[in-house]
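First comes the structure, then the notes that go with it.
In this document, chain identifiers A, B, C and D correspond to the written order of the chains, with residue numbering beginning at 1 in each.
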Amino acid sequence: MHNQTLILIQCRDAVGLVAIISNVLAQHHLNIVAMREFVDEVDRKFFVRVVCSGTLHNKTKLQEDLSAQLPESTQLTINPDIQKKLVILVTKEHHCLADILVRYYFKTLQADVAAVIGNYDTLQHFTEKFDIPFHHISHEGKSKEEFEFELAEAIKPYQPDYIILAKFMRILSPTFVSQFKGKLVNIHHSFLPAFIGANPYQQAHDRGVKIIGATAHYVTDDLDEGPIIVQNTKSIDHSYDVQRMRTAGKEIEKAVLIRAIQLLTEDRVMLNGNRTIVFK
Amino acid sequence: MHNQTLILIQCRDAVGLVAIISNVLAQHHLNIVAMREFVDEVDRKFFVRVVCSGTLHNKTKLQEDLSAQLPESTQLTINPDIQKKLVILVTKEHHCLADILVRYYFKTLQADVAAVIGNYDTLQHFTEKFDIPFHHISHEGKSKEEFEFELAEAIKPYQPDYIILAKFMRILSPTFVSQFKGKLVNIHHSFLPAFIGANPYQQAHDRGVKIIGATAHYVTDDLDEGPIIVQNTKSIDHSYDVQRMRTAGKEIEKAVLIRAIQLLTEDRVMLNGNRTIVFK
Amino acid sequence: MHNQTLILIQCRDAVGLVAIISNVLAQHHLNIVAMREFVDEVDRKFFVRVVCSGTLHNKTKLQEDLSAQLPESTQLTINPDIQKKLVILVTKEHHCLADILVRYYFKTLQADVAAVIGNYDTLQHFTEKFDIPFHHISHEGKSKEEFEFELAEAIKPYQPDYIILAKFMRILSPTFVSQFKGKLVNIHHSFLPAFIGANPYQQAHDRGVKIIGATAHYVTDDLDEGPIIVQNTKSIDHSYDVQRMRTAGKEIEKAVLIRAIQLLTEDRVMLNGNRTIVFK
Amino acid sequence: MHNQTLILIQCRDAVGLVAIISNVLAQHHLNIVAMREFVDEVDRKFFVRVVCSGTLHNKTKLQEDLSAQLPESTQLTINPDIQKKLVILVTKEHHCLADILVRYYFKTLQADVAAVIGNYDTLQHFTEKFDIPFHHISHEGKSKEEFEFELAEAIKPYQPDYIILAKFMRILSPTFVSQFKGKLVNIHHSFLPAFIGANPYQQAHDRGVKIIGATAHYVTDDLDEGPIIVQNTKSIDHSYDVQRMRTAGKEIEKAVLIRAIQLLTEDRVMLNGNRTIVFK
């Protein structure tokens, strides 16, 4: 039972889907207060996010009633956990982590930060100020397999909804990624797909760009190729050397990542192949 | 009969409105492809814009079926004219007019420009390049009543959907405004409600603002107080004197007005008291 | 002796000022690496900010040499303190304070935070996490005079370069302001001069604006009328109620205030009557 | 003799350059009213743009006096032609051309449009409305060499300062480019270096980007690799199909190209290897 009921549906497109859904909701005495839908006309897919007021008395029955009338292999989510659980992975840079922790501390992040894990201990002291456990798992002197095994073992007990790579500077193997499918979110210090890979600010400077950007995206096997959630850019000029570009870039990275986290924790992001639907 | 059916509804909020609407549409074999709604929870009002695919066979019947089930005094519009008719009022400045005429000429404006009326003839030659009638109605040597009477007489035969004040620099009386209720749209050379009235750039310069803006709004009796449709701003710095602010302002004015016209001609704007609902 | 010498000059405009300045600098073996000037052609005033490389061996001599050749009543500053000292005034809202303290903690703020003073103790615990003294000076049960006397007494021992009103919700009297002339900087939760005074978001909502903003400005006797340092805006739509406008507004307030602090601590802001020159 | 004298200097960096320049200018009774410089500290290069008031009596003498004291192989330009001459190359899309012609017609473009050349005649009628010669040079049935020979022959008599590729959809050979070195400016329908080459909007859609952009750049032998002058971006969301991205993209292309033209015609752009210095 909730004051508000949130329903996410993803299915093959068909005639009358909104009528079906709204009828079932009316039968359950739920009143639609906000509804956002999208039809992918190329791939014939239907996506909808519905917020209802009214008490949900029988979630199982609602699930059955909707499934009975919607197309086969519909993905249906009713009232996902409102308070998501996050694990944050970091290296040495603080800007994204600090923004997340301050919002968590002041209860303006609609999520719990369960733990922070760093391959360096640089951010341990800061993290612990906020009474959040910090695990230092160094990659040094270990094979990638060993390191990732330790990392995975540290993450699993927290059962996070999302693992946020908040400037985590190690490339993760497909094996690792496959264990946390759909849960890994990265901030890339570039306006993807420009300047993929290492040292994008040096690349950007050499190319003489007049705009820099950052990208928050799901992590998939292909480095820097996962579905994009949020991007933003900022104008620069010739007076920016690589260092100043990096400093300016951090502000964008921070803003883009926190926006992605907000959208994810409010269940506003749906996956559509290698693209995302974002119901703002 | 259309390939797409557009429905706009504005009514008292109630439980099950989306179900009612989507059911009626399904009975008419119309499939919802895009739907945007808004509930004003303070004033208990419901607004919805629905785009359906499928052929509308009986508009009158659809109107009846919807009206029968929706609350009393519902405002219901089915398939408003897709191609709106505009009359443009100008004084001497060309930037907004030129943008409109070029788009009209190249058929990227979803509207017809029926005529241009100027209280100076400055823009006559340019307008006529595009084979659009230009009426020169001078205000000089006339009382406001006389001038506005001539203006109204010139406008009426065109039966425009909207009268666009594209830098028309005469203040219109409540009498005039009342004849074209809901049809008059103005571009105000300021980020309202800052710098209401004359010479806003001088005011802005004296105040030392770091941002300038423009506002497209419906015209009501209260000067500069009508419902806002679109606003935008641009950063400036101390090096902008009044003239350069004015030049920069023109670019914003042009962009804001054309955006407002696009939203209006696509029937994306609904009035909610002195505010607008804009379904982008 | 510095690696870089920073010189700020403000004087009556005259022919050859750049030649005079650059000659004197060359005589002192200082090489200009960055120079930004502005001529206020209306008020005939000249402003310049020069950064030189090379060691400054004799600051007094440089001061004399420049003063001897520049117009009377020139304001000349050579190498102002690079590390500014700040005192932060707060009430209950944390967003601006937290951003400042995190940057201070990670040494990305070019300033020292000497103390935080709150008229509530809401932010005491957070402030003390960063080992910064917090003074709780309640306004309750005191006359304005008494409260402001206590406030001034608490501030003075720190001898701050700037007193940052980081969402300090008490109006300060001219008497108080006059004690800290040119040092008080406020963040106003509005795009001034729109919505001056209390509850700007309610005002903005009632007016149906499509953009909200924030303004960082020097505090003068006239409430909300001091010279503007930084402004920024953000687009909103009809779906923003007052609460959501307030939440969105906090992000702009935070960004605008930190930008103003950066500009001030890097000595990039010069006063020109009720306006500012900002050499970005 | 001018009311204002504009001087552009590009040379090896050295101590005292500003003093040298400002002294020579003072000797010529020229008063600096605006000065923007940039030192490329990596490549040890100095760039400056100076605007002086006062009458220039002897340009040759000024040139000699400056050259005598500045480092060898200095590039020095005194009072470049204020009114630049442009030739515009188009294919079928009108949006960039129309913006240029309207501004030219209303004398808000600080340049002459000498001619428009199209490889289709689609835009001939529109161009001729503005009494500007239109040359239709079809590429059909011709080798690249033949086509480019005709193109070059059509351009040369106009002796343009800049040749603006305003959505000219033919790739130009190095042979052609070398004839107009430093004069060819292109608008690329993408935020370079993302989505180089053909059909960038399809590429961008497939990648699921949340931002699109456009780039104005000098044309060099390497397709899409010339020095960037202006870039801008716009946020989009999942609801943009390729067509809508293209439409939105045109607005950015138009704005970016006109900005680049303004900067070029005001002599605010200097080349620094494969990058540009832009003194805004």
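Criterion: a contact is a pair of C-beta atoms (placed from the backbone, for glycine too) under 8 Å apart; a residue touches a chain by one contact, two chains touch by 3 or more.
Labels paired with UniProt names: A, B, C, D = Formyltetrahydrofolate deformylase.
Source: prediction; values computed, not measured.
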Per the touch definition, the chains contacting both subunit A and subunit D are B, C
Counting C-beta pairs in contact, which comes out ahead: C-D or B-C? B-C
Chain centre separation (subunit B, subunit D; CA means) in Å: 36
Where the centres are mean C-alpha positions, what is the separation of subunit C from subunit D, in Å? 38
For subunit C, which residues are shared contacts with two or more other chains? none
Interface with subunit B, subunit A side, in the complex: residues 15-19, 22-23, 25-26, 29, 31-35, 37, 39, 54
Complex contacts: residues of subunit C adjacent to subunit B: 38, 41-42, 191-195, 206-211, 213, 227-233, 235, 237-239, 241, 272, 274-278, 280
Touching subunit B in the complex: which residues of subunit D? 94-95, 98-99, 102, 105-106, 108, 126, 129-130, 247
